[in-house]
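Here the structure is laid out as structure tokens; the discussion comes afterwards.
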Amino acid sequence: MSLVRNFIEDWSRYRRSINEGGFHEYEHMWGMVIDLDKCTGCNACSVACYAENNLAVVGEEKFESGQGMHWLRVERYWDEPNIGNERVRDTQEHGGSFMPMMCQQCNSATCEPVCPVAAAYHTPDGLNAQIYNRCVGSRYCANNCPYRLRYFNFYSYYEDSWPSPLDMQLNPDITVRDKGVMEKCTFCVQRIRSAKNTAKMENREVADGDFQTACQQTCPTTAIVFGDLLDHDSEVHKLWHKFQTKLGTTKQKKDNPELRGYRLYEQLNTEPSVTYLERVRDV
Amino acid sequence: MEAEAETCHPRPRRSLALSLWTAMMVVALILGNALLAKPSLADEIMTPRKQVPSAFSGWLDEDVGPFPGVVAPEGTYEGKDVEQPIEFPHDLHTATNKINCLYCHTYARRSAVAGIPPTSKCMGCHSIIATDRPRIKQLTEYWDKGQSPPWKKVHDLPDYVRFTHERHLKKFLFDNPDMTVERVDEVCALCHGDVTKMTVAKKQKPLTMGFCTRCHQANGGTFDCQKCHK
Amino acid sequence: MSKSEFDRRDFLKVMGVSGVAATVAGCDMPSYITSEEGAEEVIPYLSPEEYVIPGVGVWYASTCLQCPAGCGIRGRVREGRVLKLEGNPTMSLNSGKLCQMGQSALQSHYNPDRLTTPLMRKDGALAEATWEDALALMEEKTGPSSGISGHRFAWYTGSVSGHQNVLLKAHLEAMGSSNHFVHEVINTRVWQAVCKEMLGQSMPTLRIDKAGLVLSFGADFLGTWMSPIQFSAQYAAFRSGDERGMLIQAEPSMSLTGANADLWVAVRPGTEGIMALGLANVLIHKERMDASVLPPETQELIARYNVSITSRITGIAGDRLIRIARHLKNRSPSLVLAGGPAAGHTTGFEAVQAAMMLNILLGNVGETIEANADFAFPQLAALGGGTTDLNRFAHAAGSGQLDALFFDGSNPLFGAPDHMNLNEKFDAIPFKVAFSTFMDETTARADVVLPIASAIEDWGTHVAAYQNEQHEIAFQQPLMEPIHPLTRSFGDLLLALNAMRSPGTYDEIDDYYGYLQSALGAIPGVLKGEDAAEDDPLDIQLWNQILQDGRLEVPAETSLFTTSVSIKDITSPPTDEAFPYYLVPTPRSSLYDGRHANLPWLQEAPDQISKVVWTSWAEIHPVTASKLGLEEGDLIRITSASGVLEVPVYIFKGIHTDVVCVPMGQGHTEYGRYAKGRGVNPLKILDPGEDTRTGELALYGTRVGLAAAGRAGRMVKMGNTESQHGRKIVATITAEQQRRNEGES
Amino acid sequence: MARKTPKKRLLGLFGDFDQAINVIVDIRHYEVPGVSVDNITIKSPIEHPEIEEILGERPCHVSKFSLSGALFGLIFGAFFLAAAQANFLIQPQGGKPVITLTSNLVLMYEMMILFGVLATFVGFLVGSGLMHRRSILDDQMISLDQVGIVIEVEDENIDPVRRLFKKHNVLEIRDREIREQ
Amino acid sequence: MAEETTTIAAKDIDEKIAWAKINSDVLRSMENPRMGYWLAIGVSIAMLMVGIYSEVYQYNTGMGPANLNNPHMWDLYISTFVFWIGMSHSGTLLSAILHLFHADWRKPIYRFAEAMTTFSLMTALIFPIIHLGRVWNMHWVIPYYSDRGIWPNFRSPLVWDAFAITAYLTASVLFLYIGMIPDLAICRDNAVGWRRRLYTFMSIGWRGDDRQWRNFRKTYLLMACFLIPLAVSVHSIVAADFAMAIMPGWHVTSFPPYFVAGALYSGCAAIITLFVLLRYFFKFEQYMTLPILEKTCKLTFAIAMVWSYLNLIEFASVWYGHDIPAKEVLIAKFSGPYSPFFLGMLFCGSVLPFTLAFKKIRRSPWLLLPISIFLNVGMWLERYMIVAPTLSLSHHPWTWDVMWPGWVEWGIVFGSFGWFGLLFLIFVKVFPSVSMYEVKEMVYHRRRVIFEDAELRAHEVKTGASGAQPLTSTPEGS
């Protein structure tokens, strides 16, 4: 009986999501705005992520093999194709372009459908979750991530990366992932969880600013804004609104196409929850 | 070889039945699809649900609960005896002396972990009461050395599991109008068994994922993996 | 009196071992292994504080000592372990933000290579010893009976401030010495000297947020210059708002600030001052700016540097100079900063002067450069270090003027160029005591090594050298009980040293914590009412409030600027046939001056510019590379008059063609498993030379020759591309577009 | 169905398939009374589809097994997958279908073939009466190159059959009583 | 004699061959393994040991020593998996398709081809398991009822793989087995000792009576009908592993047919290799005749052309589709660090088969042996060129990288050949590698077609209409 009911419900929900363009039964929709113009590329967010999320330091050899575990990496490019600098002339005229890249928490994530054991799935919070202890390590999700933001534990790192007493620093709110497990940025889900816990204990809803992700908290220029997109009073919602980026569309329809705000590789229809604001160049 | 060709073809009416069946499936799908696309109709069909229903829900006898507002999770487990540094008599404290669980495991209402009471709490009573008993002498010995007894963990969840005591107590005890704090032991018993009959605590419930999910199903708990797995 | 009410040590105890073990086990094993009954121990607190709940993290404020900027931090403490550091939001200096070095303070604290026991030199090697023996030896060598006094004794430290400084001074006074060498490779002494001379204040408040344009001559204010976190916050404000500010950076090789510049100018090293003069020339003669604020001789000097001459010397195209000058004029108020490579020459002082002259000419003084006050308690004010003291120390040690040396928080043997021969000079000092947390190069040559508590285990007060309009004393307090029981607080040791030398001074004080409390209690209006008597008890609530905030605001009375301009001519560096290139040993905000090379997070954090990890590299321009026949990752041989380095190259266009840039920080011969034997130390091959006015070493004045070493080196780098390949990854729009769309909102 | 008269099984081995066919043709033409083609079994080293022509179309039920197996696989697959997905405790949220028909079609297809194949095999075992002990009236030469004809006859008809066999150059004749069960 | 050899060379099989000789020839091949056989077994076991050692090392250490890294999450494991899956299509093709098309020249060679199908499938099956980071949890991919109430994710092509491979392995094992039952009966009748017990058990009471043959024929036909769509679907699903991803160079609609063609191609090439070897070592010259080899070669050539065509189609669609990342991958294949492999693949896969256009070559087994091996090398490279370059050059330029497999990966790939070889070697000594009963059928029908029709007509004339017209008489004829 439940089979039929579930079937009907799921289909009706699905159909509604088609008709109503982004119909979601989300409790929250955690989203982010990163102002690339404010980002200085200082890397503080990345190290804060290492500290918060028990990221393994893999060492020189493994980093060289491309097995580094930086959930949040700050990429740096020298050219600026968008304003015509396809190629840098003899000497750099502007600075570089920095891009903090963490899991984009896609709403139509390419990693989720391919996981054979559903270790990657979508939570009612709009998060693209990875359940470490369910993961079998097929690595299909990482292969299918156009952003290449999933990191695999190629080794057991806990002995090499945290020689005693470094292990005392490990955050008990998250596991230390062992070999064979895929991992990625979680939008600091342990902080979300604890904020929700506090809110529930106080019989209220989570309010904007109850918590911050580690990267957002540490960002010296406040380039990272994080919050609930469904909460219309949240800063992140206001920014999405201001720059007219929307979930549920592949191509953003903006009144003013010059308005900043884009999501990375929108054309792939992955629907990321992270909006980047274009870097500005005074030329 | 010609004979083969004759026999391997299905008879016409059989194939007709097949194609009819298929066609019916397709039509049903399209029709159902179209009907369900209308939200109002879909709403009529389905009752709003509070929890994820499941085929397993029938396995739980929903009428039987140890106290109102809860369906007891199914499952028993025969835990092994754990050798503690001091053989702490839970029965004496809870059954005989009627000490509330939360008096000693005081963090349970405020934190994810229930916590072992600090040794000072033990000594609060036992610097006066029953000081001549051998187990109390053991305790006093630790206290005098400035140490806490190295208790062994009995109810240990795997490290990738996040369980919070405070929220479970809130749901079953503090937010439950039928319950009073005096009856907290009934709430604890859901997962810890009846400690009033034990000296040293023993694992009495399997505390497996199935045990958790069955209870979550019956009592409307979450099904978001990430809520319980870290 | 001091301890009973608020004993922090007790609740900072680590709770059992189970907390740690539980985290490390991971999720590899099937659940029935980890969830076995009785497999793990759980040890409760003996008698806990009321507000300590297992499983709930509590934040405590403290101060970051990873660099001299002195940001406020708070640490999350759970089950007695500090797990995460964040910026302290109540601190006005960094308002809750923190850089990667600050985040990594945890790893310095938990580092597996920490010194855990006192060591004493026996038969030429350091051997484990007891505190009693070590202190007895120190008493014997430096105590009242040792006969040592006066300038034969010296302290060698990094930047110090607060009550540490007071106790150090007291100890030096008791020793009868004034030899206090304060060493800091990355410093702003030249800037301070120029400000002092031209504005009458050494640390004016900088308001990047108010500026419409920032022109920075090598001052990496987003990375390492002065107070980067505070400036980053200002930078964010500078970049947002109706009129987005423009950042122009002129430097020989790109710094983090340069990498964020709207206009980046590669300037020949040592000619930044001339560029400033040239800009002034354009402003006065082309843009018709009023030059009356400048004295006539300065105007004459400026008049000599017309566009073509400036362009020839600096290597910057004339039209670009004119464009920069126009921007400077149009986007008033602007702000001109100078530091780093601009100041690190024999003419560094003049160069910074020229930049400050631009500020005066553009009328920025009073607008974006605001007057500040001297710190209300001069004894607590920051004693900013510099490389002058390294030079002084080398002379003192070399000439046998020192009999005993105590050093702490500094690593001179790593930072000193080879030409100083500091190793031999250091060894020649008869008695050297290291107060260290790590076995660094200098500690390894000490006679007595005293393991001190990490910054996270210790008490202290700190005063940042650069204060904004709010002056504050930052409080350092332990976030955790000492991991290694044999380490001792540096403050406690200072008290003990003082007691050793002048018994009876601090008799009523139990420890450094007690000292801090009573010392602050002695200041009227801090812990007691303004008119309280000396015997009145301290207001513990206030004290707790201070500890909770991690800061104490101090009144600041702003004094006015006294402007005076007198610019000297700048001799541009001559060409050198043998060494045609310039070496730029640039600091980066990860390994800093090398002190963070033992922190794995920072070693694995890709460099902001080159994205190289775990090793040293040399940045060169593609033109230079093709001239030398080098490809990325090939080894380059850098030869100066003082030494040779071989290091893999990173080739990019953000560097002057005549410059090779080797970031400092690597090349440790000691300093634990993460730092030892990694990369090269560019400071080692620096040529002798110092700024004529301040005596700061000319870090950026070294001339080198380059050659391909003929083989590939190992350079581990994140990312294999420098280009977006036409994709819309970091999309860019012009400021004009942005103004059009967001300006009016 | 117990018969009163004693019966025997007779095996004749022939060197050539055509000789064996001729035997059957003769039986068909009632040259031996009391023996019909229904009582004849031919044992041959290779497949001879043409004997259907002589022996008559005998029933073969394998394809029914196949069809029902495949249908079962298809329907079972559909329901199994849908049930598993619908009862998956974490229901993927956010307006995405839980019971994903497209992917289920692929799996249903595989299940259909898998069960079809299994049922075919079972059908083969059942249909050809394999896997249980049968008459051992057999000869190794049959697996080499000779053709055997096994005929169930009542005692009185044995001789005519023997004669018939001999007429068609039988190589060897064996017989055995059929024991009442 | 001279005349006889020429006729043999022209005909698929010599129809005068005695049935007893067929039996004895094939049975002889199963007996008395010589030194060389044991040597081959030893080599196979040694290779397998290398693979086992590598896997044990990987199990304990993690996937790191395989040199996988962030862009290259898959590498040799998956490409070799696809390669072995491709190999497995040979048996299906020859047996099922040619069976349906009544191409009876398949009969002497389909047995070992089917065995190859089964064994390469068993080899292929290892790879998706081995490539899991947490092998010990591999059963989670299987949909079984669990107390925890969780299931695999049926949307994942990897789960489809699990279903498809299970189905295919079951079906191909049954197909091989059913086809072998009459032969097992022959073996049973000629064996002693453990072999007799084994064959008695395995031939499950096959006596060759008409009822059995009737069901057998039907079953075999039905199995063939099931197997062909199954084989196509299996490789389509393997292609879906890639085509369902959004990676440039993978997200290609022509992948399923391309994979199927590639699979048939590599299977045919492998058949040629084994054909030549078996023919030589087991002296099967009379059954595995040169005309059959020639036909196989022609088939291989045709499939090679189909494969090349699909290759070109893929290039063209990428090129004119103007999807920049996909185009970049294509260009990088031709000019990047992978170009030697890619050009090597094109040479082996598209140029080398043109040698098969020459009759001389088609009829020289010892030339065909290296050619077929190179064809397979080309097909192996093809799979590697599908997996690696795309991962190296995905959408995001920052993670572009080139990576070479680590020793563990090579070890396991090496070991897989040992595993396959071992299984195959055991097979040829335990089971008849030429189908005896079907060769007999072939001989029987050929002879019948050539001689007996004439004889029959002559007999008719002699005896009159005595009813000896078995092919035309009706059941109710009187």
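Every chain is named by a letter (A, B, C, D and E) in the order it is written, and numbering of its residues begins at 1.
Keep in mind that, in the parts below, a contact is a pair of C-beta atoms (placed from the backbone, for glycine too) under 8 Å apart; a residue touches a chain by one contact, two chains touch by 3 or more.
The structure displayed is predicted, hence computed values, not measured ones.
Contact counts per chain pair peak at A-C. Seen from the Cα centre of chain A, the chain whose own Cα centre is farthest off is D. Each chain's centre was taken as the mean of its CA atoms, and the one lying most distant from chain B is D.
Of all the chains shown, the one with its CA centroid nearest the global CA centroid is A.
Computed centre separation for the pair chain A/chain C is 32 angstrom, with centres defined by C-alpha atoms. Centroids built from CA atoms put chain D at 90 Å from chain C.
Each chain gets a centre from the mean of its Cα atoms; for chain B and chain E, those two points are 51 Å apart.
Under the contact definition stated at the top, the residues of chain A that touch 2 or more other chains are 2-3, 6, 11, 16, 18, 68, 73, 75, 99, 118, 121, 123-124, 132-134, 156, 175, 179-181, 265. Residue positions 49-50, 52-53, 60, 63, 83, 86-91 of chain D are each in touch with at least two other chains. For chain E, the set of residues that touch two or more other chains comprises 134, 148-151, 155, 159, 217-218, 222, 395-396, 398-399, 401. Remark: chain C residues 28, 30, 719-721, 723-727, 729 touch chain E in the complex. Of all residues in chain B, those touching chain E in their complex are 1, 4, 7-8, 54, 56, 208-210, 213.
Contacts from chain E toward chain A in the complex involve residues 61-64, 67-74, 128, 131-135, 137-138, 140-141, 150-153, 155-159, 162, 241, 244-247, 391, 394-396, 398-399, 401, 403. By the touch criterion given at the top, residues 2-3, 5-6, 8-9, 11-12, 15-16, 18-19, 121, 123-125, 127, 129, 131-134, 173-175, 186, 189-190, 193, 197, 200-201 of chain A touch chain B in their complex. On chain E, the positions that touch chain C within their shared complex are 134, 136, 324, 328, 395-401.
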